[in-house]
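Here chain A shows up in two complexes: once beside chain B, once beside chain C.
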Partner chain A sequence: MIVYLLKRLILAIPTLLIASFLIFSLVHIAPGDPIRVMLGQYQDPELIARLREAMGLDLPFHVQYLRWLGKVLQGDLGLSITVKRGASVAGLIAQRFSVTVELATFSLIIALLIAIPTGVISALRQNRLSDHISRIIALAGVSIPNFFLGILLILFVGVYLRQPWGAGGYVPFSRGLGRNLAHMFLPAVALGTAYAAIIMRMMRSAMLDAMSQDFVRTARAMGIAPGDIVRRDIVKNALIPVVTVIGNSIGYLLGGSIVTETVFRLPGVGNLVIMGVFRRDFPVIQAVVLIIVVVRIIINLVVDLTYGFLDPRIRYGGER
Partner chain B sequence: MRELLRVEGLVTRFYTDEGVVKAVDGSWFALEADEALGVVGESGSGKTVTALSIMRLIENPGRIESGRILFRGEDLLEKPEREMRRIRGKEISMVFQDSLSSLNPTLTIGAQIARVLKYHTRLTRRARWQRAVKLLEAVGIPEPAKRVSHYPHQLSGGMRQRALIAMAISCNPKLLILDEPTTALDVTIEAQIFGLIGELKDEFRMGVFLITHDLSVVASFCQQVIIMYAGKIVEEADVQELYGNPLHPYTLGLLRSIPPLEEEAERLESIPGEVPDLINLPPGCNFSPRCALTDERCWHEEPELAEVSPGHRVACHRVAVPVGVGEIHG
Partner chain C sequence: MAWEIQSGEYELGAHRTLLQEFWRNFRRNKLSLIGGFIVLFYAFLAIFAPLLAPYDPIEQYDAPRGMRNPMPPLSRDVDGRLFLLGTDKFGRDILSRAIYGTRTLLQVAVGSISIAMLLGVTMGAIAGYRAGTWVDELLMRAVDIMLSFPSLVLAIALVGAFGIGKIQIGPFTLSNIVKIMLVIAITYSPRFARVMRAVVLQEMGKDYVAAAKISGASSARILLAEIFPNTIPPIIVQASLMMATTVLTTSSLSFLGLGLQPPRPSLGLMLNEARDYLFWGAWWYVMVPGGLITLAILGFNLLGDGLRDALDPRQARRRG
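Up next is the complex of A and B:
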């Protein structure tokens, strides 16, 4: 187990190096320049050159990359250029990280609450009306982009129903958990439904697969009650592949939060990276994307470990 | 001897998109308490469907169309599902062929046995677990106290089959159905398993319904034999009679395809042709396309299962039925 964990952590190193290189390259290849954004209408060539030199933007590409990488390895994510000039990027991320984590967690909970029961019911009532209805809803859920759903929700709840919590914006925990959660609800729904649809479809097919297994027939032949068979034979075995999908969705949730946070004006990490992109704030974009990569690697690892917990065949892999 | 099971005119069909599969097409047979009945036939001959029909485990698109399944005098086809659940595992139990796929990979052996006990006994949780250990010991699993908390994949094929048998006999069933319980195992383990089943059968006085395609297993283990072909019983007799005086051409073919031990066979005999499509069965006798003895009648008229001597029934036009011995039904 510990050996496995170490192996996975060592394997993560080349992944991170390649990711860091790609992130850095993409940011620098993309057109636009933070200095020009910073100076606005006063575009003095001499001033531009001086600022470029001061920030090291005139150095050759590989030197810039290695400098950045060296600092990142020491835990220094650099200073923001345009989003909040001179502020440490690490500090900016730290301020906003909790918002994104809250959004992602809330969305995931909503997704699971919708997906697991509907997936189970859909499979148990295969090809009946309730199955068809949930599959149509699932298809709609996957197809509607979450930013669009977000706009619709704001229009309906915020504008039409005139609910203060339905118009976007963020209320910190310090001003009451209830209000905080109320404001988080619509963004979490907008973000969660698409994943609910993906997880539900996976749950349904994993259930159908488990239902056709021989051990289900054995359990029936032993007179086990149907509810018990659903719980311990079907759902328990169906969850194994679904956990992988759930794990992957957490990664997507972090990515999806970028758009959702913008639609709902939530001051999260996704919102930060959008600002970074608009204002060509290289250190901010690089740091945020890198952190998303790190989080995904960690989540994948956690998912793999959960897998072993659910499936004894993996846990005791070597032993017979 | 008491009659344990009587199947009368069982018809089970599957309504697939390709057509109606006549999996079991009018079966009549009976099984005495503490008797072992061997059911022999190729794949698709209806052996397993017969067993699943007895347990009322036929799933969509399959349906039991008609017939009666009398278990200790009561028709199982009349029972509500709830009542059937009480019977399954307690009165009638079944061991399936592939022990790896037939056990839940996410539950320990002990948990799976204890679960059966939970539904059919009033034992406490602790007592159920202890009984699971005892059962594993009874089926010859070494270190039962340790094995009980193992998962199926941690046991060998033979051990898993024993565990499956332990689960099936956990509530002392009156009838044990075995669906090719040793196909996945090697010959020495197979002998051990049948030795074990024989002991358990005598100890618990169970009737055994053994599905197999291996005639030699039947010879050593069963008292009564049914030969099935394309959903129909073609011959039934006690073991001595069937091996000493086989009548149906299909039975003869099956017996000839067993390699002889003494003399060196140049070539093993086989039955020409293959099992017919159960959706488009030939008119007349199902076996006629593969039979060497056919005449005009075989191609048009379905032979009825008729008693040729006491206890020996055969469904073939070419077998002379003694005058005075009528058909047993219809």
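Up next is the complex of A and C:
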């Protein structure tokens, strides 16, 4: 297990390195001089020269990359240029990171709470009314864009029902956990719905798959109680492909949170990257994108490792 | 899209029975037929937009005395013009903007999927044909790295690099709409590359390829004339499934303000503007563009699922 973990960690390193190289190069595929582009109308030659030196843009490309990477590894993500002039990007992200993490976690919890039971029931009652209804809702769930769903939720809860927690905006933890969670609820629903729909569909088809396996027939023939078969044999086997989907779709949750933060005016990391794009603040864009990619790779690693707990047949470090 | 495959393959003649079987399978699934009709409806809207739109989508009309823009459905302006679906904040006709917005959305989606397909299919074909060599290794590594970015995040990062609006690369000016198509095409080409590589690998093992090799056909000939025709169905299925995702990504970018720019009518941008009028209760401002985006995604999802199931009926039965 530990050998496998180390192996996976080592394998993730080249991916991260090349991804970081790509992210760093983004600035340089931009047409024109990045500094002039970033400064917009403030074309002060002295400032340009100072920034150029501060960012090391006069050095050869590979030296620039290595310097940047070295700083990043020490937690120095550079300085913001236009979003908040001179502020440390790491600091800006640190202020906002908890908002995005809370949103993504809350969405994940809501999605799992809806998707797993619905998927199980839908499969057990295949082609009955409850199955049809949940499948139609799932289809609507994957089709409705999270920003439209978010706006609809604000319209109904915030405008028509006049609920203060339904109007968007962020309440920090310091002003009460209850109010914080209440304001996070609609954003989490908006973001989690499509995710729930994807997981539910996978859960259903994985259940149906598992139900048609020989071991289920054998268990039935042995006279094991149907409830026990569902719990011990079917659901457990069905969870393996579902965990894969949960992991593979985590990117949706990370990308979607950028949109959801905009809809509900949440001061998260996604909101920061959008400001960065609008104001062409390259250090901010690079840092946020890098963090999202790192988080995604780590989550995928964790998901891979959970297979071992779900399915003892998968032996790490052995055949794989 | 189903019709395209049909006419294309009828010319080949030999596959007729296979196609008839495909059509039978496709028709049997009512949901995929509904998806097909929805897609046809959108194609109709997009093609005949100038004939269908009652007004110029960027013309601003004045509200009559005692009323303010945005005006609700069935309102009239000072000169008595009727606005079936109301007006937006500048007094522009929402129906006309929605029709033209749909047209732009489909233009971008079809354009970017076509470019993504071209890029991805080329990459995947070369990797598959040269499987196991350093070329394959290099291409697939690149694909892996690109897929480690959540797609919306990659698209946002690329917009961040290129800048918002039209861009200047040396002597060439790239219009904003073409730039967005390129951004989305780059984001989604790796998925086509994966599918294409897998299909080419599978076909390479078949007798007809061996026969072509023995008879001395060149690599290019084997790839283009022998293998390529057999890769069309899975690539088309992938394309129609990807259409739903592309519509979502395009409208998300526009919603964030990073995609299509005003005054060009865009459904995503309309939703963004409508947010400021939610507390006026301007539901029509939200429902029209949001509903159109959702229905488009639903249609492409249904059609894509139907095509996939019709081409692979054994899998479909399991999916239920």
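The definition used in the following text is that the second predicted complex is superposed on the first by the 274 of 320 C-alpha atoms of A that agree within 3 Å, B and C clash if a C-alpha of one lies under 4 Å from a C-alpha of the other, contacts with A are read in each partner's own complex, and residues count from 1 in each chain.
We take it that a residue touches a chain if its C-beta (ideal position, glycine included) is under 8 Å from a C-beta of that chain, and two chains touch if they have at least 3 such contacts.
All values derive from a computational prediction rather than experimental measurement.
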Inset, instruction - Could you tell me whether chain B and chain C fit or clash when both sit on chain A in the superposition? - result: fit
Inset, instruction - Classify the contacts of A:154 with the two partner chains as first (chain B alone), second (chain C alone), both, or neither. - result: second
Legend entry - Per-residue touch tally on chain A - higher for chain B or for chain C: C
Inset, instruction - Please work out whether A:228 is in contact with chain B alone, chain C alone, both, or neither, and reply first, second, both or neither. - result: first
Inset, instruction - In the overlay, answer first, second, both or neither for which of chain B and chain C A:63 touches. - result: neither
Inset, instruction - Tell me which partner A:215 touches in the superposition: chain B (first), chain C (second), both or neither. - result: first
Inset, instruction - For A:310, select first, second, both or neither according to whether it touches chain B, chain C, the two together, or no partner. - result: first
Inset, instruction - State whether A:143 touches chain B only (first), chain C only (second), both chains, or neither. - result: second
Legend entry - Three-chain overlay, closest Cα atoms of chain B and chain C, distance in Å: 12
Inset, instruction - Identify the overlap between the chain B-contacting and the chain C-contacting residues of chain A. - result: none
Legend entry - Contact set on chain A toward chain B in their complex: 213-215, 217-225, 228, 232-233, 236-237, 240, 310-313, 316, 319-320
Legend entry - Residues of chain C defined as touching chain A within the complex: 141, 144-145, 148-153, 156-164, 167-170, 244, 248, 251-252, 255-258, 268, 271, 274-275, 278-279, 281, 283, 286, 290, 293-295, 297-298, 301-302, 318-320
Legend entry - Residue ranges of chain A touching chain C (in the complex, touch as defined): 15, 18-19, 22-23, 26-27, 29-32, 37, 126-127, 139-140, 142-145, 147-148, 151-152, 154-155, 158-160, 167, 204-205, 208-209, 212, 251-252, 254-256, 258-259, 262-263, 273-274, 276-278, 280, 282, 285, 289, 292-293, 296-297
Inset, instruction - Quick one: which bits of chain B touch chain A in the complex? Just the residue numbers, please. - result: 55, 57, 84-90, 93-94, 96, 98, 101-107, 115-116, 119-120, 151, 153-154, 156, 164, 167-168
